[in-house]
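Please find the structures below.
Below, subunit A partners subunit B and then partners subunit C, in two separate complexes.
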Partner chain A sequence: MKTIKIATDYSNTPLGRYLEDSEFNGTRFREEFLKPALEKEGEVEVDIDGVEGYGSSFLDEAFGGLVRKGYFKAAELHRKLVIRNADPDLALYRDLIWKYIRQAEARKAP
Partner chain B sequence: MESTIGTVFDTLMAVKKAGNHARRLWRQRWLLSRDRRDFLRRSRKRRAGPGGLDPSRWVALNSHTKGSVRVTSDRKLVLDLPERLNFDADYEATASHFQMLRHAVRGSGKVSELRFNDIKYISPSAALVLASEVDRWNQREARQLRADIESWDKNIERLLCQMGYFELLGIPCPADIGKPARVTFLRFKRGTVGAKDLGKLAQQLRVEIEALLGFPIKKHFLFEGLSEAITNVSQHAYPDTEGYCLKQWWLSASYDSGAGELCVMFYDQGAGIPGTLPKWKLFERVKDMFGTWGDSQKIEAAMEVGRSSSRLKERGKGLQNLLEFARAHREGRLSIYSSRGMYRMTSKRNGEETGPLTTTQRQDFENSVGGTLIEWSVKLASADEND
Partner chain C sequence: MNTLTCVLSGTLDFLYYIAPQVLAVILGGLIFQRYWVARTNESALIDHLAKELDELRNDCLQYWNLDLKTKENRPSGRILEQKIKGGIRNLNSDLRKYSERYCKKAKFDPLMVEVTDACTGGTFEGANRAPDPGR
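Coming up: the complex of A and B.
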């Protein structure tokens, strides 16, 4: 299983949805880190600890975007993706990630 | 034959008469416009005073700012700031003085001095907006405003020194700025839309806040709010169609040790939330058409989940994120001033078991804040509670 630690592999201040929002935005994280890892590896663990915080724009674009863009279905992500946090304060962001994935799937359904 | 000559003659006479009439009308109109021009010229001269320069031509004046502009002999403007700059209690006077300064800076570039001599109180948010205006002036004109610091109130001098104001004015901070005050300000930070790692500025502010307090704060919630404020500016505040040349935002914080209150402020000089909000519902379009949909109502509408100027379903969660930092504390308040409206959410917790009690408030004003100002104000009880 491949592990991506957002704070060290990407940035400890991830921010924004699109490329123009900031250097470490959700679109770039999805396209350069998350999608290739999920396509190449069977399972991917994303460690969300050690960051300054997360805004909904970043989380929705990075994780919800996987479904919206048609790369994966929500059920597939539930099998392949593990969101890990040791810091209890970040548990709410883990829940938000799954919420955005579910919402993206629901909006895609005809 | 005779009758034919008579008809031709009558026609010629009618044409001549019509010509004379048209000439008379044209002359009357010319005389009227000449008198009007003369009258306007004379009245402008009367208003202009001894310098011969009419301040109202350069700055927006209203009842609050009427006596706040003077013209020097070298045809420059001197702007006086009022005794109190505070969006909470003196909104109209504060906003209209900033509006006056903005017009003077952007419109004419004729401002030579900004006088702080009368100021007795300046709130943290007003200090940030003032700093943003002077910062903008420095960037546009590439020269500093003149300031007579000798006559400033000591508290104001200390505040402006902490905020980085003296650097903007191009003068060193005075060595002796008196005993430490109850309220400490942090140096403001400026971010530019499209700059590389904007999240680092938010992190830097948090580190400075914790160094000032001596204990950690709820950093995840603060970053959540600030990151969404920054994203909103990037996505909505400066639409390409409006031709903004400087797409920037300013950020600062202050701590009142007496009240145990931390205040974090974020300001942009963009189109404002009311200006970029889509009108989805028919009644909103109708209300907007008749001018009965106030700016404060538009800000409140923008707080709804899923409402975004992008009209994409996945967007429009950002403004909700702003609430979290205020909600995470025993007592917290989020105030959003945008264009001519204000929306405020106050949250109070009685115990850990129950959720916070939330109340909201809206208000519309005569003068615009000149963009969007977001202010978080939270009570910090102790280090344990904030850890």
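Coming up: the complex of A and C.
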């Protein structure tokens, strides 16, 4: 299982949705980190610790975008993706990630 | 000497009879004080949570009415973004402490998910975000 630790592998200040929003935006994280790892590895663990806080826009684009762009289905992500946090204050963001994945799937469904 | 023995014996008799009542009053006072302190602490924490929520609301109102297409608004926009994210983290942490201490059955997580989504969703942290008062 591949582990991506956002704070060290990407940035400890991820922000924004699109490429023009910041250097460490949600689109770039999805396209350069998440999608390749999920395609290559059976399971991917994303460690969300070490970041002060996430904007919903970043999380929605990075994780919900995987379903919206048609790369994966929500059920597939439930099997392949593990969101890990040791900091209890960040559990909220784990719930948000799954919410955006579910929402993206619901909006895609005819 | 005889008078002293009489007084001492009378005092001891008196104490013997009122001791249970005195003990009950002291115990009752202690229990009441503990309850009162716990209530005061809880109400102080609720006040603190309300203040945090109020600050978060003000920051969000200010942020979502700000036009980030204008160059001079961008620095204050970036500061507000950090304040909002920090405010959400503090509120979440304090709500968790409140829940652990005073009402274990209450689940604040779904509420905080909605609050976070409302405050930092959409075009939050967008480079050229137009004002979005509707949010």
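Quick note on the criterion: the second predicted complex is superposed on the first by the 110 of 110 C-alpha atoms of A that agree within 3 Å, B and C clash if a C-alpha of one lies under 4 Å from a C-alpha of the other, contacts with A are read in each partner's own complex, and residues count from 1 in each chain.
One rule holds for everything that comes next: a contact is a pair of C-beta atoms (placed from the backbone, for glycine too) under 8 Å apart; a residue touches a chain by one contact, two chains touch by 3 or more.
Everything numeric in this text was worked out from a predicted model, so none of it was measured.
Once both complexes are superposed on subunit A, the partners subunit B and subunit C clash. In the superposed model, A:Gly53 makes contact with both subunit B and subunit C.
In the superposition on chain A, A:Thr3 makes contact with neither subunit B nor subunit C.
Using the contact criterion defined above for the overlaid structures, shared-chain residue A:Leu15 touches subunit B and also reaches subunit C.
In the superposed pair of complexes, A:Ala91 makes contact with subunit C only, with no contact to subunit B.
Contacts of A:Phe24 after superposition: subunit B is touched, whereas subunit C is not reached. Looking at the shared chain after the overlay, A:Lys99 reaches subunit C, while subunit B stays out of its contact range. Of the two partners subunit B and subunit C, more residues of subunit A are touched by B. With chain A as the common frame, the single stretch of subunit B that clashes into subunit C is 225-233; none of the other options in 81-89, 225-233 or 279-287 do. Applying the stated touch rule to the two superposed structures, the overlap between the subunit B and subunit C interfaces on subunit A comprises residues 15-18, 20-22, 52-58, 60, 89, 93. Contact residues of subunit A toward subunit B in the complex are 11-18, 20-24, 51-58, 60-61, 64, 68, 89-90, 93, 100, 103-104, 107.
The touching residues of subunit B, counted against subunit A in their complex, run 193-200, 202-203, 206, 218-224, 227-228, 230-231, 234-235, 313-315, 317-318, 320-321. By the touch criterion given at the top, residues 15-18, 20-22, 52-58, 60, 88-89, 91-93, 95-96, 99 of subunit A touch subunit C in their complex.
In the complex of the two chains, the subunit C residues touching subunit A come out as 81, 85-86, 88-89, 92-93, 96, 109-110, 112-113, 116-117, 119-128.
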